[in-house]
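This is the structure I have questions about; it appears just below.
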Amino acid sequence: MGFLFTFFLLPLFNLAQTSTQTPVGGGDTGQYEQTFRFQNYIDAFVENREQFGRSFLYATIATVLALAIAYPLAYAIAFKGGKYKNFMLVLVVAPFFTSFLLRTIAWKQILGEEGFVVPTLRTFGIISESTTLTSSAFAVVAGMTYNFLPFMTLPLYASIDRIDPRTLEASGDLYANGFTTFRRVTLPLSMPGVVAGTLLTFIPAAGDYVNAAILGSPQTKMLGNVIESRYFKIVDYPTAAALSFTLMAAILILVTVYVRKAGTEELV
Amino acid sequence: MSDIAKSARGDLKLSNLTKSYGDFTAVDDLSLVIPKGSFFALLGPSGCGKTTTLRMIAGLEEPTQGTIALGETDITDTKPYQRPINTVFQNYALFPHLTIFENIAFGLRRRGIKDVDDAVNKALDLVELPHLAQRKPTQLSGGQQQRIALARAIVNRPALLLLDEPLGALDLKLRRQMQIELKWIQKEVGITFVHVTHDQEEAMTMADTIAVMNEGKIEQMGSPADLYDNPETAFVANFLGQSNLIKGTISGNDGANQIVDLFGQKISLQKDRSHGVDNSIYAGIRPEKFRISRLETATSGNVLTGGKVEDVSYIGVSTQYQVLMPWGQELMVFEQNDDGVAPFSVGEPVNISWEPIFTFGLRGDEDAEAGTEVNPDEDLDDE
Amino acid sequence: MSDIAKSARGDLKLSNLTKSYGDFTAVDDLSLVIPKGSFFALLGPSGCGKTTTLRMIAGLEEPTQGTIALGETDITDTKPYQRPINTVFQNYALFPHLTIFENIAFGLRRRGIKDVDDAVNKALDLVELPHLAQRKPTQLSGGQQQRIALARAIVNRPALLLLDEPLGALDLKLRRQMQIELKWIQKEVGITFVHVTHDQEEAMTMADTIAVMNEGKIEQMGSPADLYDNPETAFVANFLGQSNLIKGTISGNDGANQIVDLFGQKISLQKDRSHGVDNSIYAGIRPEKFRISRLETATSGNVLTGGKVEDVSYIGVSTQYQVLMPWGQELMVFEQNDDGVAPFSVGEPVNISWEPIFTFGLRGDEDAEAGTEVNPDEDLDDE
Amino acid sequence: MGFLFTFFLLPLFNLAQTSTQTPVGGGDTGQYEQTFRFQNYIDAFVENREQFGRSFLYATIATVLALAIAYPLAYAIAFKGGKYKNFMLVLVVAPFFTSFLLRTIAWKQILGEEGFVVPTLRTFGIISESTTLTSSAFAVVAGMTYNFLPFMTLPLYASIDRIDPRTLEASGDLYANGFTTFRRVTLPLSMPGVVAGTLLTFIPAAGDYVNAAILGSPQTKMLGNVIESRYFKIVDYPTAAALSFTLMAAILILVTVYVRKAGTEELV
């Protein structure tokens, strides 16, 4: 057991070490020594607070959109799917057997000038002739919504599928119409799925860089992009590690607050 | 509460109610009036259509044909939430995310009642669980959940309360106690109860009127004593308690009685307890009506001689005998253990006698086994 | 099969068996011999320690103290799989991934038996489900699963078969039928059965010997008739069937009988049915031993006068009365419906009489309510 | 519903389209037109069959290793975890709140010359002075094993946690010792988790390129790396799309065969 947990946590220790190193005086680019410089964290945060905010903003919007799309889908599969349930679940997951990268690039093409979305929208006058959809915050969020949709759909499905349909009948029997039954019974009972799904979507979305790199512009850079470029282009390991830890801490705090608020502890 | 809920009070009237699923007719042209304030039981085996009938009354299933009316109001096409009818579901269907208090308050709140504390607390008192108000349903035992489901329904003072095998999940002793309490609560609140069950003892203990259902139709309806003492079909005779059905022929008349020949032995049967009999007949006698006696003992009433004790089973309150008759049939005899007489032993030759008034007559072409099957392929929840 | 499994045959002997969980003693210094080939029932309410005892015999719990022996072999420290003992678990615990056939063959295969077909098919025949061999457990009803669990255990011809509330999940009618079948199967295979249950009727119908357990100890042990007719404690009197316990004092002697004064009325009690009584006493009478009579009717035996019918409940086979006595106690009376006499009505003044031989005497300082509680806080699975 | 499924499947259609295009004659690099050239698939496969084989080999080894590590872990959490179950599950998942990239780089450092693993192994003489662990197939597989471990552990845990302990008691009661009970009861009953876990590990592992890029060498290139470089460096969209589809098809076939063999259809 102990060994296994060590295996899980080892890279974390390593990252923590790296995050407080400073460049070796007179050394090559990429040579660092351990100096326990915690100022690294503050520097990294201050320098990149804009991307920080953007990461959380985009991830939040993508999570909300994914929830709005996945809930009716999961509900329909669970309650109306009948014997096609498993087939429908496979359909939901199928696209994710292809490469994450390629899926994202496919979205770039779909939303691009040569895809069919932009001409259609222009024909109906929904967007102006000069508006493009790629290289925009819209495209980044759309890509993230799409890419993390199965992580939202599957836990939602699992949770909704477990609801005893008789409790919904009981609600109708007790003077609640369809909407009230949804608000008072279905939604609260599916909260474990909502919480799990939003976490599974939000966490990777907040740390994502692929969508922003492919579908975005320099103005839509997220923290993941900063970390990546720090590492690969500038070879600034400590900053990358510090940013990564800061991101992890921020996510952990948000998640804790959220789980407390959603009150799943009582539901579990 | 909707207008319908306010106006629809009074007797429940089902007219030509039918429910088909494809080729299968679950409920077949059922017509029935359940008087306001009564305790009515729908009794039958799994799959007889009793639960489907209940769900149509609740509005959870749409009838294929026929109408449902409460008092003067036709409620056939209304939604469940518009009907002044509440249900105690088979597995309670409590809301797992709400406290017991909020479970009970649910119906009141939906009807826009602001101050629910009084009503909820009274309902909790009625089911004797006021200390559990702040618990969640999963923290309760089966018996407690059953009471809360009842409180959740009764607190709304519906015109009609439907109970779908509400005691099915409880163990024997608890079930007996809850039967007494349910009956008491029904008297206390005066609401019409419609109780669906497959447990004949439960129906007999609680209901004013029992309708025995079989294959989507009502076989017989009446008070528990009517049904038990004077069943009109083999199904009712066997499903409601146990019966000995002996094949015979009508051999004559004697005033208000028919003389029945059972394999050469003559017994008498009141004409008004003889149902659709022509010549061929099944004479029915309940096992506890039989008296078993040694050959030297004097017997009166109807007597069958030549029996032999095949099996003796002592169960405290009574002893159950299987007596083999000369024509090869085994008769069941229950003797209450109250007279201090030593029990009969296996192999002993005995006579069997009973008061003629307890004989009932069924058509000779009936299936004598109808309603006796204990089918291990079927469980409580099958319907 | 291990050597232990081969040699350990014979009577089951529990010596000073104790199981504690921290401060709580589930089983308290229990000593007991269960003869080879008998049908033994451990009867008691939830939490009395009966299931813990069973699990120690199976090897699934380790005793805190004491020993378990089969014949001459001490098996206290052996593993479950080394013991020639099989269990029918409360919720059957069939292997969901194996067919019914492979479920039954499991024990045989583990013991290295190659040709299992014959034995498995015989076991399937015994439980009358040969047509289900290729099904999976989830495709079976509760009753069928119960039979398969029995077949899976019996096929190994163990020295001892343990049954842990095996009928608890079945509905009433099916349970009664399975009781008869289990008893028949036990006679057929001749294996020692140890049956744990909280259902007194089940224990009485099936077992040769019943041990009534309460709070980790055995209250009384004997044949069903012994326990029922001559209970030694209020707990046994109330838990095994129902009892009327009337407070009184010993006022004299009359040969083999004691004269008991019950609120001024004298009755007699056989001395050998009087347990640990000094002056103060509870006279006990089972409700079905009472005869209820109108004031003008002659009565014999023990008589109590001045009763008034408080409640009448018709349940087909019998009618149950509550009779209020002059000293304020309500007595339960069961009358079998076999004599054609019109039932008594509420408010009617009546006398109560019974054969003196049916009276039993309990210590006057006992808790007259012991064993009567139906606790809705406790369910089947609590233990 | 229809709309929702369209949303899921849209990128697949787009990719399918791209995969049969050919370069525009005389056009710029990266300009393609639709010619339904299915030969693209054969060309792409033949050219990269080595990387194909490597992808599946590495993914298989990583999956088996992850199973070997995750099973005892999941078993211990499910049966021995008691009230710490949830805490232990959080520990298992926690490292995955940091960036995938950074975790992988952390492994590079851990396995590198300056990490503590190599000196330790050298001290004990397990590896020779000249052997390095990074830039090797070993490092790639180790990285993949680590990165996909939670996908293996969580479904295994869910499946093992659902086993009724009484069936294990029944097995002991029916003359099976501990090992036999594991082989005959525990393992078969946890098969849904084993299948789900291996799929969730194998599928992303087979398509992965990050581990090979960071921890490997040119000799350990996997299909994901080829797809990436085709796209970003050579701008050969059709080949990338065709490879991606071929990979997806191969995975689907393997998964179908595997699921059939594992016989979960009966278990579900």
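Each chain carries a letter (A, B, C and D) given by its place in the written order, and its residues are counted from 1.
Criterion: contacts are C-beta pairs under 8 Å (C-beta built on N, C-alpha and C of every residue); 3 or more make two chains touch, one makes a residue touch a chain.
Quick caveat, the model's predicted, so the values are computed rather than measured.
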Starting from the mean Cα coordinates of chain A and chain B, work out the distance between those two points in Å. 58
Distance from the mean Cα position of chain C to that of chain A, given in whole angstrom: 60
Taking each chain's centre as the mean position of its Cα atoms, how many Å separate chain B from chain C? 27
Quick check: what residues of chain B touch more than one other chain, meaning two or more? none
Could you say which residues in chain D touch two or more other chains, in rising order? none
So what shape is it, when you link every pair of chains that touch: line, ring, star, complete or other? ring
Can you identify all of the chain pairs that touch? A-B, A-D, B-C, C-D
Contacting residues of chain D [partner chain A, same complex]: 1, 4-5, 7-12, 14-15, 18, 69, 72-73, 76, 86, 91-92, 94-103, 105-107, 109-110, 115, 146, 149, 203, 207, 209, 224, 227-228, 231, 237, 240-241, 244-245, 247-248, 251-252, 268
Report the residues of chain B in contact with chain C in the complex, numbered from low to high. 141-144, 147, 168, 171-174, 176-177, 198-201, 204-205, 224-225, 228, 240-241, 286-291, 313-318, 334-340, 354-355, 357-358, 374, 376-380, 382
In the complex of these two chains, what residues of chain C are touching chain D? 1, 5, 58-60, 79-81, 85-87, 89, 91, 93-98, 106-107, 110-111, 136, 152, 156
Which residues of chain D touch chain C in the complex? 164, 166-167, 169-177, 180, 184-185, 188-189, 191, 266-267
